[in-house]
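Shared between the two complexes below is subunit A, which pairs with subunit B and subunit C, respectively.
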Partner chain A sequence: MSYLKLVHMEVHRFRWVIAALMGITAIFQFGGLIATLASELSRREYRLPQDIGNSSIPAPAPDLLTFEWAMFNTQLWFILPMLLSMAVLGLYVFIIWYRDWIGRSTFIYRLLMLPSARRNLYFAKLTAFLLFVFGMVSFQLALLPIEHLVFKLVVPADLRADSHIVDVIGINQALAELIPRKFEQFLYSYGLGTIVVLAIFTAILLERSYRGIGILYGLLYLGACALAVAFPIIFLGVEVPYTYFYPAEVYAIELAMCALVGGVSVWLGTRLLARKITV
Partner chain B sequence: MRRYGISILIAVLAISGIGGYYAFGSRNHLPEYRLETVQGDPAEGEVIRLMGSQYGDMRSQPLSVTSSGSEYGGQKNRTYRSEMLGLGSWFYHDPDMRQLIDDHKSFMRGKGNERGFYRDDELVIYAESDTKNLGESDQSSVVRLSILRENTGKATKFERTVKEPPDDSQLSVHDVQRVGDEVHVLFSNYKGMGVSMEYVVCIFDIHTGEMLRESILGGWPMNEENKDVHLELVASDRVAAPNDTVFIVAKEYRIDRTGENAGVVGDKLSEKHYAYSYRTGEYAELPEPLWQTAGEAQRAHSVQQEYLYDAEYGPQRVVLSRVDLQTKERENAYATVTAGQLGADINIVQIHGGRVYLTTVDPIGIPGAAVLDLATGELLYKGRIVETGERKQTEQEMIENLHLLNLSIAARSEG
Partner chain C sequence: MIEVTDIRKRYRRRDVLSGVTFAADKGQITCLIGLNGAGKSTILKAIMGLTPIAGGSIRIDGQAPGPKLYEKVAFVPDRLTMPSGMKLIEAHRFMADFYAGWNGERAGELMRFFGLSYSDRIGSLSKGTAAKFNLLLGLSQDSDYILMDEPFAGIDLFSREAITEVFTSELIEGRGVLFTTHEIGEMEHLIDRAVLLQGGKVERAFDCDEMRGAEGKSVIDVMREVYRA
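The block that comes next holds the complex of A and B.
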């Protein structure tokens, strides 16, 4: 079975969960947005002061409502489904491996017996997981214009003003972290996240290879990876002129350590899968 | 293909959503600006960086504008790279420090106090202080000197104790100068855990590092129950450049130390000016102050080679005065530039590298900048902010949203 077929298999197995997460996200966000707008429009209709019936709204409404204001006042409705999605995806880093061992049938034996390189299995699980993460981020990005449209449908034209999508994302604490303003920062954030996933995959495979003592190996490996990535920042300093290394050198060392941790994790993970885990 | 529809769909969603946002969705987010030359030599305006904020519906964005364009800052525009490269650090912005790092990368490692550097045609000297056993009975203060001979590349290091136990000093290096075969290091000294402050000049032999003597610079009123003394050291704006004279301005303010207004600084009670010459070691209070503060006028001053320059300014004029450091001869108001001559009100004035830099606001509210020759007050450059890029505001929106309140000089190291 080829790598792409394995990727599809992983996506297919998780499709209902990802669909459910998308559905919950959409329901929460549209519900929160419409409720907030309806409440504010109702307040205006009855000429109530800002603090009557709107105690949950943290920012007073401007004369002309903006999508940015609406986003600021519906933070919780946006953050909750995002946290849920993150928690589910965080758990799935482990489930994506353990469900093959622990289930009604030991599916991993069939996968390991496939007449193709075992590393395909490793990369397929990684690819599928990243597709889920980026798929959820993109789904959120796709929701925003639709939510903006809903905002325009609910709020009369003479009561609203335009907002730029970057301001809308920036005003929401969770979205601002999830979708950094600069693409370069996006690469750093999600690149670091990918390295974390690779390290956890390797720790799982250490546990699967050595069982009881493998848990200790896995934890030690994760600790070593964290130390390696944090070492340049903690011990060499960032933005501190008194340190021996120049900032560009610390930056290069940090990139090298990330690449090293990622590379060693892939090498060790695929090696364990190919040689240590037996059927 | 249909069989793989769900995988293709999620892959297309992932790539198109993120790619589309960063390629198209995030464009034209904020207006772009540039400092455009109105009059004079554009090269004079190239070193100017105007800093402030762009106001938005709910938040403002910090930005800086130069003749090349505008750049938005703030937490949301940062990346790990910009944070790690110390792009926000003044140390790496200082043109003299950048030049020293370019010329002597190895020597400059681990040296971060820009006020601890001295450079002439032969030597680079770096001094830093350290307190050993802080708070213990055997507390002492040491200075570490690093001396690099530029022609041979040979560096010499010394560590010398400058305050023996019992010591309650906290020394901090403020200036380093060379006089012949001596290194003069000017420290601020917070004695008794910051209760009082004096300046100390320690003089070391350049060959052996031995401390030869010290001079205490003080004599101003001490902090009292209801009085607070503020000290200002006036030296060259180029921290590593050779310079013979420094001035100390001691201002005494009324202050309440208890009650509701505890810590609130009140009226100024007195102002005294002192001068110290590294070459002669002479230190004295000046018989008449370097400048007279009048009304709401603000000041900028700087030691530039043989003169101490003073710019007294307000929205309507900047008045330049200077004192010859050798003869102590004063030239009060040797040049005056008015808002009328600039066609704009004056906001902030800085003296740097033989120039006077001004931020301005024209009568309709558009910010700009101007550059004067420090020696003559001649107007060398005048510029105003213009909007560039695809996203355009109306002039009124620009005036309401763009607030440039500060000025930095990016890279002028000559002069």
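The block that comes next holds the complex of A and C.
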């Protein structure tokens, strides 16, 4: 119960930042979409027959405009807010811990004195982070049908053709990265991302526990994690000549190393929080 | 009873605590006295599990500290422990949400007693008001013990008087109080037991009434002996 309350509290504290990111994302994407469509429609309206085939836009429009075409030509408007969101969420991995120590109000005193296991605090912060990441992805998914509707409102029916949502996501590089078409790829991308966050959490807690020398411990820990995850690919990988292992075995070793790094990070992080942390 | 036995701690190659031993009884006001850097705050933090110790033991009513300790012992640190952006009403809700022993009725009475407003933001409170609110957070828990770190540091005369008044009220009665200070001032007559620290060690620990009766010395007299020696 305490865990859920803590998750709610963490989400509540960062809600305006996430709302702002969602707002910026929506403004960029709708703005980019409407501007691109208006420009294309205007160009078509005034285009003389001899100008056909002399287009200056990156991807020549087909005879009929499709939502897929619009998504391909507005990629920059998707990439910019996505990079901004990634930067903010990247910083949030650190902010979510350090804000409780820094400043006039040291909330960490209160958080560590809550009458429940301290691991709840660790998992609540992790959950809040993942909720924000998947919240942003879901928001993007929810925006697509609305953007499709905007496309239909802006482009006259006789100038547009239908397109499939899967093709729409596939043709926009930003969306393709954010929402992989294969579920397996989705698990790899976000699973690896979660392991990176877990390792950083532990590095932060090492620094907060041992302060000065803790920075070194944290960096060493991150280096060790990176080495552990990269080891099967670099030294046993399929590209290595005369490798002893089959690709499926290297893959299994890689999965095991990822699980090990994730497991050790959680164990060490919660242990530091329970026994070594200092305010 | 809070029993601190032979606790040790090193920080930046310096012995912050070198075998500190003392006890604080329920129903008594115990004061940890020491100059700046004597290790007073570290002891309170160690009791509350907010900083690890290198050795020794801490027992509260015979039990080792754990999560349940935080219902039994309330801690009022020397700084605010709620986020700056939080309103006082939200801080009340937070405490009620997480602590089974949160006494909302008492918290309301203390809000009126200290003249605090629910709509104020924590970050906008003056130092004296923040100290009062901090004290409110500690006193509104139905705990057996209350620890306070420098409750009078850097606050105005009237805030000091309001806080001193709390020490003589029923809010404290029956509880064990352990607080730190480096200037004993008007608190001297309220203290039952004094523990004088110097360089991370207990120099003297005594019952104040017994000291007055047996040797005719006040706490300040003993402090002069210890710190001017």
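In the analysis below, the second predicted complex is superposed on the first by the 263 of 279 C-alpha atoms of A that agree within 3 Å, B and C clash if a C-alpha of one lies under 4 Å from a C-alpha of the other, contacts with A are read in each partner's own complex, and residues count from 1 in each chain.
Assume a residue touches a chain if its C-beta (ideal position, glycine included) is under 8 Å from a C-beta of that chain, and two chains touch if they have at least 3 such contacts.
Since the structure is predicted, the reported quantities are computational estimates derived from the model, not experimental observations.
Colleague: On subunit A, which partner touches more residues: subunit B or subunit C?
Modeller: Of the two chains, more subunit A residues are contacted by B.
Colleague: Please indicate which partner A:246 is in contact with in the superposed arrangement: first for subunit B, second for subunit C, both, or neither.
Modeller: It touches subunit B, and subunit C stays clear.
Colleague: I'd like to know which partner A:44 touches here: subunit B for first, subunit C for second, both or neither.
Modeller: In the superposed model, A:44 contacts neither subunit B nor subunit C.
Colleague: Name the contact category of A:152: first (subunit B only), second (subunit C only), both, or neither.
Modeller: Neither partner.
Colleague: Is there a shared patch on subunit A that both subunit B and subunit C touch, and which residues make it up?
Modeller: None.
Colleague: Where on subunit A is subunit C touching in the complex?
Modeller: So the residues of subunit A touching subunit C come out as 2, 5, 9, 13, 99, 103-107, 109-110, 112-118, 209, 212, 275-279.
Colleague: Which residues, counting only subunit B, touch subunit A once they are in their complex?
Modeller: Checking each residue of subunit B against subunit A gives 3-4, 6-7, 10-11, 13-18, 20-22, 25-26, 28-29, 56-59, 76-81, 83-86, 88-89, 91-92, 101, 105, 109-113.
Colleague: Of all residues in subunit C, which touch subunit A in the complex?
Modeller: Counting only subunit C, the residues touching subunit A are 12, 45, 48-52, 67-71, 75, 77, 79-85, 94, 97-100, 122-123.
Colleague: Hey, which residues of subunit A end up touching subunit B in the complex?
Modeller: Those in contact with subunit B are residues 4, 7-8, 11-12, 15, 18, 59, 62, 66, 68-69, 72, 131-132, 134-135, 137-139, 141-142, 161, 163-167, 170-171, 176, 179-186, 188, 233, 238-248, 250-251, 254.
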